[in-house]
Amino acid sequence: MEIGFIGLGQMGKAIATNLIRAGHRLHVWNRSPAPAQELAALGATVSAEPAEAARGQALMTMLADDDAHRAVLIGAGVYDRAPRGLIHVNLATVSVALARELTALAAQRGLAYVAAPVFGRPEVAQSGKLNVVVAGDPAAIDRIEPLLAAIGERTWPLGSSPERANVVKLAGNFMIACALEAMGEAAALVRAHGIEAGEMLEVMSGTLFASPVYKVYGRLIAEQRYQPAGFTMVLGLKDVRIALEAGQAAHVPLPFANVVRDHFLEALAARRSDYDWAALAEVSARHAGLPSAMNRE
Amino acid sequence: MEIGFIGLGQMGKAIATNLIRAGHRLHVWNRSPAPAQELAALGATVSAEPAEAARGQALMTMLADDDAHRAVLIGAGVYDRAPRGLIHVNLATVSVALARELTALAAQRGLAYVAAPVFGRPEVAQSGKLNVVVAGDPAAIDRIEPLLAAIGERTWPLGSSPERANVVKLAGNFMIACALEAMGEAAALVRAHGIEAGEMLEVMSGTLFASPVYKVYGRLIAEQRYQPAGFTMVLGLKDVRIALEAGQAAHVPLPFANVVRDHFLEALAARRSDYDWAALAEVSARHAGLPSAMNRE
Amino acid sequence: MEIGFIGLGQMGKAIATNLIRAGHRLHVWNRSPAPAQELAALGATVSAEPAEAARGQALMTMLADDDAHRAVLIGAGVYDRAPRGLIHVNLATVSVALARELTALAAQRGLAYVAAPVFGRPEVAQSGKLNVVVAGDPAAIDRIEPLLAAIGERTWPLGSSPERANVVKLAGNFMIACALEAMGEAAALVRAHGIEAGEMLEVMSGTLFASPVYKVYGRLIAEQRYQPAGFTMVLGLKDVRIALEAGQAAHVPLPFANVVRDHFLEALAARRSDYDWAALAEVSARHAGLPSAMNRE
Amino acid sequence: MEIGFIGLGQMGKAIATNLIRAGHRLHVWNRSPAPAQELAALGATVSAEPAEAARGQALMTMLADDDAHRAVLIGAGVYDRAPRGLIHVNLATVSVALARELTALAAQRGLAYVAAPVFGRPEVAQSGKLNVVVAGDPAAIDRIEPLLAAIGERTWPLGSSPERANVVKLAGNFMIACALEAMGEAAALVRAHGIEAGEMLEVMSGTLFASPVYKVYGRLIAEQRYQPAGFTMVLGLKDVRIALEAGQAAHVPLPFANVVRDHFLEALAARRSDYDWAALAEVSARHAGLPSAMNRE
């Protein structure tokens, strides 16, 4: 297929690369030019501005936050100049409010809006093993099936209303953040009793919690290894914040999200915004008076 | 081996049965006589009082809480009358304070104290697939190895100080409770947006969270099925409470444990003490104004 | 002085009435016409649209939330059509972000922006006993001094940057919400032990806590009397939410605000949005299984 | 009256001094002898052991925590050797469980147990202006009225069941701790926006919160002055902990108490156990990355 692709951060670049390898022809655009040049070397066409990438059968985007979506899709005229019938496949984790807004705007412009947020860290994206939760017009989803197949190991259909995929994605990221916080508090508890975090986390991730989230992040926490980040504290805070907003809109208290949000804020106040979000665990260590990556200069 | 076994609740009876099947000779005692009679039918000898079961090479106990341990082991004279050299293998989840107290008391009486708390619900105990975290005198642990092999699929050694196994067990149960709460809040969030809890939980427990805790409890939460309980709200509250006490003793704040404790208390105030602890999820549903098992009469 | 006044809810009407009584000439506008007519009977001139009220030396506004400010001041052209040199005196509790935005916008239009949020419930506004925290251009504040003197018993100057008054107002409302929650939890604790909330609250508000917040709200809580509302749950949620946003912008965790926000959300989910915010106390009662105004049909 | 007095810490010594000045004859005992000698200089008789002070018409005690009560009243034989008919007036903040236990024990020994916990810091005790909440046998309370009059400015009767006074005292101390935490969070919020804590706290404690708790502690927080302590972090933690236990026993969640408890634990982990409990505010400052007394070496 011929498609556009906007947003070539760690995740976007890995996904676009897999699309090219699967034989799709990509028109790419990125705010900073270097990643676009890398993809050009693999065969992609570099667009001079965002709206130029809105061509072919679909436009995939992987942008950082709600503001970036508004700036590029609306501000830079992508939606205004996109050809009618184009399917916008949004891979990013956005707020439920933005999902609704873009769904309506796309419909007005004669575009189809498909929400397809992905689960997986950059290394999972590189190996094409993402899990994709997808919702939107069934016909549009059918047509982009080859694209989703190229980037993920499994697609989870969630109905025809795009925001449903976003709500599930938010719930999922919230659950990951909770797992990080739970491991962090448990690690502080055992460390304060003279047991290494790894001794405990190995038992858990080898038995009742034997799953990617606990294995991958349990190791990072046990080794206190937070750089380079696969997913930063800043992005973690963003996702918890929009989960809280989705909760607020529907009158759903999320007390665990509050705790996590506070710990992200404390980490940012301690200038750790670029650490991997697994560093949530270090906030619990700091509170308990244990050596913590939050205290290093 | 010839051993004693005290405490034949759901877990204890399942474990004792596996020990008998593995060829060990058991002297059993239980507060209410019926379960002891069941084991007698399998070949166990029923002791007339607790202290009578303290014979052979080891005494295994699976009692409900700290008070029950004090009543039976100290109050009913088990420790006073146990033969010197007997190994007391404590399978239960007890407080760190009690673990220390019993370790010291056992040493005074010439007994060995091995902490061997187990992870697994009753059905796991029945199938002999428990995970056992064990700590205590290495020679004693060596000698009881055939017993642990008969009840669990894997033993996790945690050193020679018994309380280390208890701290890890508390950390583990705390992490399970956190997973329940996180699933419950996430379920409330998606339900309030028109998505069934099961739709979301199936994605999670099929991918990033593909592990026993999320699969088993995710299903109970999706189906709102909390009776009969594998592990009750009352026991869940007990374990979170002693995790908080262990935290307090070492100056470790555990904010997630606070949230979970509050939700257990609310469930008890709503007379749901005998529900499975997965029903934590229903407290979040209630707070969000969703149909909840906490509201039924 | 000749001034405009926009926003005649419970608070705005009481304040405008005092201004008229003090001899000022008012041009008033309100979304629904009835309150404007009441003031006309006292001598005010009713403006046909918001921008018409922007005349004389100052424009006072008392609008409900950030959205209403944007709709009226920007959307309805008040700022565009206001005469240069007019002093906009904003009496409402707005977000720090909006305070900054309006300060900049006013400066561009040649207007002065003074933040003058007020502390006090409607009955306090009626008696002209509000406490006003004020910040902005000192010369402008000097000129509006007669207006502030007419509505409050005391003005608290907080410097020349308007947002400073807003931050202090948010901190103050947050502290009131915390006092409500603390009284609510304490009331649940004593009630569950067979003591009436009033017996305890009377001791507190008669001694260590002998101040308006505890006396006024302590009585409402003791009597479980939440209607008619002096300040609704919805407005309380709004203020806690913008306090949390102000905290987030500056990386300040506010765990008490989280608890309060969750309880407001639960009250809204239970359809109690129009109760006085003192009804926060009923959420704690509900959680403890006590008779609660949150459970009534 | 001739009475005994046990426990001469900061509070106990101040109270005993006022009793002597009011003309009562005191037999005093204290674990460390120095304070007893000071009172001897004022005319008190020093008892050689605790039980010797249990004479005359009443025994007043002001001990630090539940353990100290058990050690002195039971362990050191005070209750065993006290003359029948003696009224034990317990001025301390104890757990509800201990209040019940002592009430029962006193009845068995033919003693009367009156709970009379006091509100007020050491300087208030010195000036005889404590507020006393009192519960117990009405006849006994009548007889000790002259004693209560000598130490406090007002007595608040709470019925004939002693534990009622303890529950109210716990609720009160919990409310003070909440006020400290609320001021601390509000202070962090304004400081992070460039406003001094004192600027904001002066407004609050001069208006809506014009009461002793906010005035006294607001000043300590504004000046970050936490030594010497009027009431230490350790004692604050103790009181919040027993409030949580009282809540747990009656199934009452107290989420504010959880936050406060966590912040006390963090302060203890940071070795600030001997700071005044107003230093709770410094934990919020630390979390926000502001200069904090928790970080000093």
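Quick notes on this structure:
As written, the chains take the letters A, B, C and D, and residue 1 is the first residue of each chain.
Note that contacts are C-beta pairs under 8 Å (C-beta built on N, C-alpha and C of every residue); 3 or more make two chains touch, one makes a residue touch a chain.
Keep in mind it's a predicted model, so treat the numbers as computed, not measured.
The chain pair with more C-beta contacts between its two chains, of B-D and A-D, is B-D. With every chain reduced to the mean of its CA atoms, the largest distance from chain A is reached by D. Taking each chain's centre as the average of its CA atoms, chain A and chain D sit 52 Å apart.
Computed from the mean C-alpha positions, the centre of chain A lies at a distance of 37 Å from the centre of chain B.
A straight line joining the Cα centres of chain B and chain D is 39 Å long.
In chain C, the residues touching two or more other chains are 247, 251-255, 259, 262, 265-266, 269, 287-289. Those residues of chain C that touch chain D in the complex are listed here as 96, 119, 131, 133, 154, 156, 158, 163-164, 167-168, 170-172, 174-176, 178-179, 181-183, 185-186, 188-190, 192-195, 199-200, 203-204, 207-214, 243, 246-247, 250-257, 259, 284, 287-289. Within the complex, the chain C residues that touch chain B are 255, 262, 265-266, 269-271, 287-289. The part of chain D that touches chain B in the complex is made up of residues 241, 247-248, 251-255, 258-259, 261-263, 265-266, 268-269.
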